[in-house]
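Input: structures, listed below.
Two complexes, one shared chain (subunit A), two partners (subunit B, subunit C).
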Partner chain A sequence: MKPASNYHPVQRAAPYWFLAPYLLLALVFFIYPLFEATRLAFYQTHGALAREWVGLDNFVFLFRDRNFIQALSNTAIFAICNCALMVPISLGLALLLNTRNNRFKGFFRVLFFSPNFVGQIFVGIMFAVIFLPRYGLMNRFLQTLLGWGLETEWLTDPAMVMPALILTNLWMYVGFNMIYFLAALQNVDDSLVEAARIDGAGPWAVFWNVTLPSIKPVAIFVLVVCMINSFQFFDLPWAMFRQTFGPGNSALFMVSYLYDSAFHTGDLGLASAVGWVLGAIIMLVSFVQIKVLGTGTEDA
Partner chain B sequence: MNLLHVTLLAVLVFGFVLLVVDRRRPRLAGSYVRYVLLALIAVATLTPFVWLACAAVKESNVLMKYVLLPPISEWGEALGLTSYRKLFAPRASLHGPIQFWQYLLNSVFLASAATIIQTLFCSMGGYALSKYRFAGQRAVMLFMIGSMTLPGMLLLAPLYKMMVGFGWMDSYLALLIPGAASAFGIFLFRQAMISVPDSLLEAARIDGASELFIYWRITMPLVRPMTAAFCLIVFMGQWNAFIGPQIFLHSGYKLTAPVMLSQYMMQFGEDYGVFLSGTFLCILPIAVLFLALQREFIAGLTSGAVKG
Partner chain C sequence: MNFPLGRAPFFLLLLAVASGLGVWLTHGHYGETRADLILATHARLHADIYRARIPEFEKRYNVKVDIQEVEINAMRRRLQAAFLAGTEVPDLVEVPDNIANYINGPLKDIGFLDLTDWVKEKKLDERIVASRFSLYTTRGRIFALPHDVHPVMLAYRADIVEDQLGIDVSTIKTWDDFVAMGRKVTKDLDGDGTPDRYALELSVERRSAYLQVLMSQRGDSLFNSAGEVAFDNERMAELLVWYVSQLRGPNRIAFNTGEGQPMWRAMMDGLVLFYFMPDWRTRQVEQWAPGLEGKMKLMPLPAWTPGGIRTSTWGSTGLGLPKRGRNPELAKKLAEFLYTEISDGGAAWSGLHILPPSRDAWQQPEFEKPSAMFRGQPFMKLYAQLAPDVPAVPVTPFQTKAENALNQVFQACDTYYRANGERGFLEYARTQLKIRADQVRLYMTRGRFLKE
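Now for the complex of A and B:
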């Protein structure tokens, strides 16, 4: 590419014109609302127009509110359990699929990926019926296979809500994350694997010492994205529990709390404070993960 | 002991026999185990879809009686489209009776409009970032990466306030304009356009082509697979979107299918057939699009992330 000084003036202006829509939209609908969110977090509002300055009271209120603490802990539990299962399962699935002469690879890849194109709302509606006691598909299946009773109350027993949500979420996204691992596995240097084999390394040693280090950047990417998305979990439980927080608030998540305070209580200030707590947690978690695990590459 | 147990047992025994008998080619047993596992997971993945398709054609009184389809002898009375008739029955609203078609049409319109706008703006941004070198380029890229790490939910409350101020409440503008260009989309197009040879663009320039012509008539046709994938990603995202339409739209006749279905879920309570057939109807068009474009779609998703 030529240095910028050789360009004709029209060409020199062109990239700014091409970027203008994005920059303008980002200014109006990203940067401004970001400042507004910061400002609003120090106000209490009643609907969109009336507001009064409350300083840090929103944050004080949040950490004294039992519902918010529950939303926080539900979200954290969901994020940790979900990602702890998501990463190994999707990696395992990719390993299972990644053989040199697997004629059905393309077929399985699309098939495992397919739940991903269905929106969380639709999945929530489906699984609200699938998890019904007695008649639901899930309980019928478990009974036929393991002889468990048909009365498991997936959606009304607070203790079963989290497992039900995690199972559904895994069904939706394992195939999606598998795609990333599959792509990474295809980039693993075959000669390294071959060299390790010749040196007498078993399949487990090859995986641990050759494969895993070379897919580490992708594994970290998947983990960080999984965490970010888990903390913003909302549509699925909202649909599955018919726009409620589930029995005993067991399906109350941080975004549900934000949604409720903004659009039912009508306090956009409190909602912005929740948003900032959420944003801070997400940035902190991503930062720690990347620091502790490294990005795995020098040039990334 | 039931059919499921017998099948699983047979699969296990066969695998064990392979493992014991075929000592000379242990790979065979290995790939057998592999395919059995893959098949089991495939069945687990597909079952909810099959179950939904069956639920959508059953009469409500037998919906829960049979897990999948009733025996053929009962098809006459057990299968039917009553739930669709209920779903599509005109419903009273402030603006006169509304049929479910209206919500589907709204969804189609919103998703198509979002697709066109976002594809245009994101490809323009991606073109600028991949085919020019200009002052501030690095700053723009860093800003875009930074903007992607912040949760979108943080902006929900201030955006709501802005939309009230703009008078865009209950208008599709509130759903289409704020997200009209995404950093994610720009990166996707940038990644695809980097591989378009500079010499081609230079040749066009020498022939007197305008910058707009080079972008629209030379670069865009060369990244058609990526464009297809991006269109599908946006269309699906908007089709499945819930929180935006739920917050910004009020008038009954403007609502989208997902918002309506989640309301039907509360209204119809135990009459599962109605909202299950609605869900089936909403998944179907996306499924067709996805199957038609799956190769581009999956390639598009991984192009930005892997090898970064």
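Now for the complex of A and C:
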């Protein structure tokens, strides 16, 4: 092998040429916007036409604004409830589909995954109709099944908005997360399961002591990603409530607040401040999750 | 073929070069063939009518005009973004609603041309219903020409109200009269504990629009003429109490039908008898509930006090001329031509079911024609009779914030009423109005670019 110094200068520069496209793109679309967003967070702007230095006023304003506090609270509630349901339901479905002699495994896998074939906007519009009182499918279904619920106002009663959004989001993404779990379950070492059974372990003990530790890295990945996505929740409520924040701002989320500040009010400075607060929360939550749960690969 | 990085990158490169060339060539072509004026509108019906009339204008001034349709939400966002970022804009734009979203900055930065002097010079402020300019005015300057008046009436199922129930609607002169009638007709017909017939359609989803219709009729508005928040007062609290108790109370007379298809279904089923009906909605009735032909009629809104105003307004469109348009003088001529000159006996406006803003146009023969849907009533004439009374709606850059605040107040009141009923309701409404009005005032402290 030749020593590096014997390479021709053009050859020595090769790695940098390979890296250049990525670095250039990152500089234009990541580093510069990051720098600009940091700077903008200390200005109040009128689009790109006017800006004025306001120091920390944007951040102070955010925490004086009831709407922002509500957006923060709605986002946190959604994230917690959504992930608390998403992870176990996805795992449960994956466990059901992971049985050995399931002839319909492929069919159900496609069925549960199929909501991902359509976008959030379509799903939002569709569920806005499904949740209508009296004429909506959901209420008709409830009325037929339980003899109650024909007049339930899913989208106009603030108390019902969050359940409606969580149900819709679960319908859309449970199948997607199920695929991760299914892949992880199929990689669980059969010999470990067999050994546990020979030692007299029941199904619950096998799941708890063998299966779950084996799929822990995937479970943590799904949880962290679910939490990050939940904090960035925007398209679905925006479509479902026709570009409004829902009754009593019950469908106002942090990204909706950011969008409204930037593109409705034209205040890119305030929107940048929201972006930084959101980024800080996501980083903090992800850090805590990983610290508490580990990455799941410590024993590997 | 011997491309150093392989065949796939070669074809990708080829594709990139070909599409780049395509875009470059097409763009150049577009620049050469661009019309002298481009008018963008969010309404297909408007566009169709303008396209029919444009040849006359083109011939008169020897120019080429292009009419472009843009989806309403795309129009709002793109136009706002174009103004804020300084990118390309059409020469004339039909602005949906009002200009609240475009006036956040100082007057010099507003993307539309100041039309005040032109409007006065052409005496358009005398020919057009004056109150309509309020939607397009900020700091005393006019930035768009109103396209419409949009008076509001009540449409009702005449076959049920008059033929079956024998109600003479001419005796309903005030909202008190209406509520008294409503309590009689709102009924559980099949005995299952849920009413099957309601007197009035009131919306929960579009509460802000409905509340503003009623507020305007009472002579109130979200902001006063000085641009200050004006909705935290006793009158507004009373209106909220009225609205919520008609919709939720033990003596409720109103039903929230939802929007679109569910509303037309409720209308056809006779679930609700009376509907708020601005002129533009009459066309939707014809389109979506054709089976009701001859079964519907129109009446003026009941007044809030005896002898009070019998109409209000809902919705609007205005024609703005972006400052960066290429030929503002020609654009003004086109605006005047399309909005004030009527050459077809009013057929186009009548087909739109929209009352034009210019008073001269209201005497058109087409407006006298009876409507099959509304049992032979000349509906355009009825709207024209009410048009002079249409109230002004002052607009500020904080309009959306105020509307959102009103939504929140409504929701809080709705929740309170469902839990507690009438007890302490008025006081609660007052408190909520004050909290949310102060919230809007907090936003207004950020209006640093509005100080001229």
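Methods note: the second predicted complex is superposed on the first by the 276 of 300 C-alpha atoms of A that agree within 3 Å, B and C clash if a C-alpha of one lies under 4 Å from a C-alpha of the other, contacts with A are read in each partner's own complex, and residues count from 1 in each chain.
Rule of thumb we're sticking to: a residue touches a chain if its C-beta (ideal position, glycine included) is under 8 Å from a C-beta of that chain, and two chains touch if they have at least 3 such contacts.
Predicted model, so just to flag it, every value in this text is computed and none were measured.
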Overlay on subunit A: subunit C relative to subunit B, clash or fit: clash
First (subunit B), second (subunit C), both or neither touched by A:Val210: neither
Partner chain(s) touched by A:Ala164 [first = subunit B, second = subunit C, both, neither]: neither
First, second, both or neither for A:Pro133, with subunit B first and subunit C second: second
Which superposed partner A:Phe108 touches (first subunit B, second subunit C, both, neither): first
Which superposed partner A:Gln44 touches (first subunit B, second subunit C, both, neither): second
Partner touching more residues of subunit A, whether subunit B or subunit C: B
Partner chain(s) touched by A:Gln243 [first = subunit B, second = subunit C, both, neither]: both
Which superposed partner A:Asn67 touches (first subunit B, second subunit C, both, neither): second
Touched partner set for A:Phe263, first subunit B, second subunit C, both or neither: both
Offending stretch of subunit B which, after superposing on A, collides with subunit C (from 19-27, 91-99 or 145-153): 91-99
Shared subunit A surface residues [contacts with subunit B and with subunit C]: 48-49, 132, 135, 243, 263
Complex contacts: residues of subunit C adjacent to subunit A: 73, 77, 80-81, 83-86, 101, 104-106, 109, 194, 204-205, 256, 258, 261-262, 265, 400, 404, 407-408, 411-412, 414-415, 435, 439, 442-443, 446, 448-449
Contact footprint of subunit A on subunit B as seen in their complex: 2, 4-5, 31, 34, 37-38, 41-42, 44-49, 51-52, 55, 64, 67, 121-122, 124-125, 127-129, 132-135, 137, 140, 143, 147, 149-162, 164-165, 177-181, 183, 186, 198, 205, 211, 215, 236, 239-243, 247, 258, 261-262, 265-266, 272, 275-276, 279, 282-283, 286-287, 290-291, 294, 298, 301-302, 305-308
Partner subunit B, residues of subunit A touching it in the complex: 1-4, 10-12, 14-16, 18-19, 21-23, 25-26, 29-30, 32-34, 36-37, 40, 48-49, 93, 96-97, 99, 104, 108-115, 117-122, 124-130, 132, 135, 137, 140-141, 144-145, 171, 175-176, 179-180, 183-184, 187, 217-218, 221, 228, 231-232, 234-235, 238-239, 242-243, 255, 258-259, 262-263, 268-269, 271-272, 275-276, 278-279, 282-283, 286, 300
Touching residues (chain side subunit A, partner subunit C) in the complex: 44, 46-50, 52, 61, 64-67, 132-135, 150-151, 153, 155-159, 243-245, 247-250, 263-267, 270
